[in-house]
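Just so it is clear, A, B, C and D label the chains in written order, and each chain counts residues from 1 on its own.
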Amino acid sequence: MEYRRLGKSGLQLSVLSFGSWVTFHGQVDDSLSDRLMGLAYDSGINFFDNAEIYALGESEKMMGRVLKRKNWDRTSYTVSSKAYFGWRGANNKPNQTGLSRKHLVEACHEALQRMQLDYLDLFYCHRPDRNVPIEEVVWTMTNLIQQGKILYWGTSEWTAAEIMHAHMIARQYNLIGPVVEQPEYNLFRREKVEVEYAQIYKNEGLGTTIFSPLASGILTGKYNKGVPEGSRLSLEGYEWLRNRNLLDENLAKVALLQTVADQLGTSLAVLAVAWCIANPNVTSAILGATKEEQLKETLKALEVYPKLTKELMHEIDTIMGTAPKVPTH
Amino acid sequence: MEYRRLGKSGLQLSVLSFGSWVTFHGQVDDSLSDRLMGLAYDSGINFFDNAEIYALGESEKMMGRVLKRKNWDRTSYTVSSKAYFGWRGANNKPNQTGLSRKHLVEACHEALQRMQLDYLDLFYCHRPDRNVPIEEVVWTMTNLIQQGKILYWGTSEWTAAEIMHAHMIARQYNLIGPVVEQPEYNLFRREKVEVEYAQIYKNEGLGTTIFSPLASGILTGKYNKGVPEGSRLSLEGYEWLRNRNLLDENLAKVALLQTVADQLGTSLAVLAVAWCIANPNVTSAILGATKEEQLKETLKALEVYPKLTKELMHEIDTIMGTAPKVPTH
Amino acid sequence: MEYRRLGKSGLQLSVLSFGSWVTFHGQVDDSLSDRLMGLAYDSGINFFDNAEIYALGESEKMMGRVLKRKNWDRTSYTVSSKAYFGWRGANNKPNQTGLSRKHLVEACHEALQRMQLDYLDLFYCHRPDRNVPIEEVVWTMTNLIQQGKILYWGTSEWTAAEIMHAHMIARQYNLIGPVVEQPEYNLFRREKVEVEYAQIYKNEGLGTTIFSPLASGILTGKYNKGVPEGSRLSLEGYEWLRNRNLLDENLAKVALLQTVADQLGTSLAVLAVAWCIANPNVTSAILGATKEEQLKETLKALEVYPKLTKELMHEIDTIMGTAPKVPTH
Amino acid sequence: MEYRRLGKSGLQLSVLSFGSWVTFHGQVDDSLSDRLMGLAYDSGINFFDNAEIYALGESEKMMGRVLKRKNWDRTSYTVSSKAYFGWRGANNKPNQTGLSRKHLVEACHEALQRMQLDYLDLFYCHRPDRNVPIEEVVWTMTNLIQQGKILYWGTSEWTAAEIMHAHMIARQYNLIGPVVEQPEYNLFRREKVEVEYAQIYKNEGLGTTIFSPLASGILTGKYNKGVPEGSRLSLEGYEWLRNRNLLDENLAKVALLQTVADQLGTSLAVLAVAWCIANPNVTSAILGATKEEQLKETLKALEVYPKLTKELMHEIDTIMGTAPKVPTH
């Protein structure tokens, strides 16, 4: 396994990591999650990603039960949680969501309880919340670090300007700024990671734990034969993925990408993940899996990414047509 | 004339202002510039925009001569200059460009000399310079303010993250941050002004003095009949504008837009400028002109923009197809 | 016993202190360590030095057991630990070493557990770690102080510039800077303590708890008769000491030094330790011992060091030839 | 000519620059200095180095006269001066030396007068002064920048810890830290530039304008035939150079170095200068010259330094035996 520093912080994450997003609880039971996490850990993965929203807390509980059973040295792995997924809901419980001090503190406590941990290694603001001043967010995260409940904090799907705003507050009030952003990154979505954050990597330091390296499965090629029963795209609540991604155009690109995978003697999924970690600004690509073979397969990306020559990268760019324009000044 | 606060600063600019970009020296002589600036001033315009790059200093010299001759009360108008237009050139004088303290200080001195002024009201970093730490820029601008040589400073075509970086430095070191950004803004280019800077208007305060409200003339409709001799698009060095903008697709949109102008009983040019200042985050739209009638005509935008109802704005969006997607979270 | 202020801090350490470096666990069992620490404590020694690396944690466990059995008033002594000994190892557990927040926090917790203590008096960064920003180190040490888990923090074998970097961060962010450095110091190694740190004693304040006052035993004269079985230089893993120090040249100097010891009517070992504490910038010289007589003997340095006149110091300098050049400006 | 950024600042200096140390006034008259500076400027050199101590002010006066006569664009070159050369003298004028606010301000004013300039681009503390708090130095330099009298400030022959102290003060009080250090650097003196400042280049940013690339001429090989009349080593007041450098051992090394120069088809002097600028942490190597051919010759270093392969550098290290030990942790 390869490990990379999380931005300019001292923490080092495995370049491939394990996420439980839609899989835990929904598609995966305790016994399977035990085997999947065991395989991940034995393969050198040291980052297990989670969030309060994943299966509404059940994903964290399941991960907590596995970690307890495994009894691995707590210093040998890192665990995350995340608060607030971006909608406040139409209910009368305004403080059980958002990035207010009340919810961040309570969400942290609840995550620790669900996962049966003393502290989280990483705690993310799962989305920006424009009803809370960023001062309050940075103060609260710093307080949670000071209290020993979390070690580092970060953001997910924030704009570069919002991340810089958090750094501005941290500098002004002598607080601790974010060290990581968790954006979507894959062959279809490149703008944020490749252009928007470019100056922040260099100036402030920013690690990225990217999600959806396979673009919700489209980049595995499996949807080129139609949406199978039981696949993520067929699950309830993922209509938006279907709408957004299942364009015929994209599937045509995926079909062409197969030729590159063939040249490398690998699968589309492995190629897609390898392409992500070939970007040195990607600290870790989060892998989901519902089967052990699936995880074993994508771990091969570690061996494949060094084979991505400039020429192959150029060929991929030509096929996909998704390379963002980099500003000339 | 209507005046708007420049972001959260105390300075107020006329919502329409006068720029000398390509016109002065190249297309306009002293006598004409005298009449144009006189007309602008008499119409209530209080902001005259300039830059070291415009006609390589000749534009500033010409404006300086006019201002001297006019002998208007120095307190009744504001003047700007800008340093560094984004390329360093292939020469052996690396310090005569860029945003280093040396060039910013020397560029300010030279602009004051060329314009025969004691101080600039606004001084812009004409483009970002990634070979200079933003610390050095913010320090230098603050020093120039402390020395009384400039009153406010700003940026042009910086990213939101870079503007926030400047604010971060200002907060950290108790310096003076930028109050204005000068972006391109028109019916073809909306992303930066409408989406990218959105949080900064609200949080830090940011005025905008937008350029190219007519998209280099395309939005006047004149190119719908071909590129006339003597128009900006026919001038040497503006091939890039032709390449970028003169797509048939855009001209077709402009033709459709004529129907909206007709409904309002106005010209395309006036409609295009009116649309810009209908955006309350636009402090001032910079107008260029090579003829007095041209300037008189576009000044009508002041009367037209209050007539832009929600319905008309929607119709314009439908015709243009350029409204940027606003993130939902 | 004499006590000295640790730099400009309020803590006072005995000028001779007790370290368990290679001795505990490896050469010394519980019963002997009980007697050695008892002798030290009864002699007025109030500082017991330890580190996570010493016998890989066993040294801390043994010291913890002795402290528990002795049941001395917790306020009557001070205990230290140290994290990260400068190599990251060739393993797949990158976060179980280094000076990241994760390892510093976890190393502190583990040291407290091994030593069965509620807090450490001193916690050292055992070596610099250039893969972690010094910001992160100073923040974490300050947090551990805020949480009551440590009382003071310091460094070991850092350069003067790195110590100043830590102070810079502390000043900038209103955090707590280091108060102590633990360098090697003896008649063979004088540069760091006598020249490199000179300005820091005066300006920032810096205590030193120096190790190897006997240069791994060479200054006792015992190696002048060859390396005996069971001595540190004969132990596995200490080849580097042999290579570095056992130069015939050095042994010749040690032989000459005997004449000075004779003049003072003392042993070479006592003279070597006395010479260290004659330097007022040495707060405490850490003594190791595997026998009670050995410890009793070196404690005599307390009586010998006031007898080191300027003339004797000059004679020692002449014999050793190791006095560093002090810059004239 | 090649230009390099001065540390992390925005200023760019020619990698070879022109110094007037012992030459101006003493060995060089106005007519010759005019020709030398003209040759330097025409070769692309944009940095002219000076100091109050050089020929006790006469060097600055001569340079000022030449600059006036040349009437080059002030933005096309950079000029420095330096205050306090490290000894206070045994006189009754304590405030006409040192780094107090009084002397720094007055030395700056006097240098500007002598050189007939409005501002210095660089102003150096020529040596550390331990009778002045570094707070006072950093405050004064910042004030001089704010007043527009200097653009950047730096140090000469300060320790890494002292430079970091200046940065600490700058961070604490929101002042402007130093951006450049002027150390001696040549094949005989490598420690400071290669080891001591190593972390500062990376962390704070530090440019270096190195002096004595030829080790007072020894590296030209001319002293291998004895000290000629009129050479620097024969001048009054340079006995210390003779004592320090004219060791037979060093001359033997220089003789061996000739074989490397021969391989490259160049002279010893050119090789010695090329070796200096092959170090990327050297911003500019300051050349002195008393003859035009001499300056022309050393300018060839620009073409030679890219030819210094790893193998040749290794061969040079072996001949010289002066490569400093780099700490392993």
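Here is the rule we go by: a contact is a pair of C-beta atoms (placed from the backbone, for glycine too) under 8 Å apart; a residue touches a chain by one contact, two chains touch by 3 or more.
Nothing here was measured: the structure is a model prediction, and the numbers come from that model.
Considering every other chain in turn, none proves to be in contact with both chain A and chain C. Taking the CA centroid of chain C as reference, the farthest chain centroid is that of B.
Residue numbering at the chain B/chain D interface overlaps only partly, since under half of the positions present are found in both copies. Averaged C-alpha coordinates put the centre of chain B at 65 Å from the centre of chain C.
Note: centroid distance chain A to chain D, computed from Cα atoms, is 51 Å. The centroid of the Cα atoms in chain B and the matching centroid in chain D are 44 Å apart. Averaged C-alpha coordinates put the centre of chain A at 40 Å from the centre of chain B. For chain C, residues touching at least two other chains, in rising order: 172.
The list of touching chain pairs reads A-B, A-C, B-D, C-D. Chain C contributes residues 92-96, 98-103, 105-106, 110, 129, 131-133, 136, 139, 143, 146-147, 172-175 to its touches with chain A in the complex. Looking at the complex, you find that chain B touches chain A at residues 86-87, 127-128, 130, 134, 157, 159-165, 167-169, 171-172, 196-197, 199-200, 203, 327-329. Chain A contributes residues 1, 3, 5, 8-12, 44, 46, 73-76, 78, 121, 145-148, 151-152, 174, 176, 205 to its touches with chain C in the complex.
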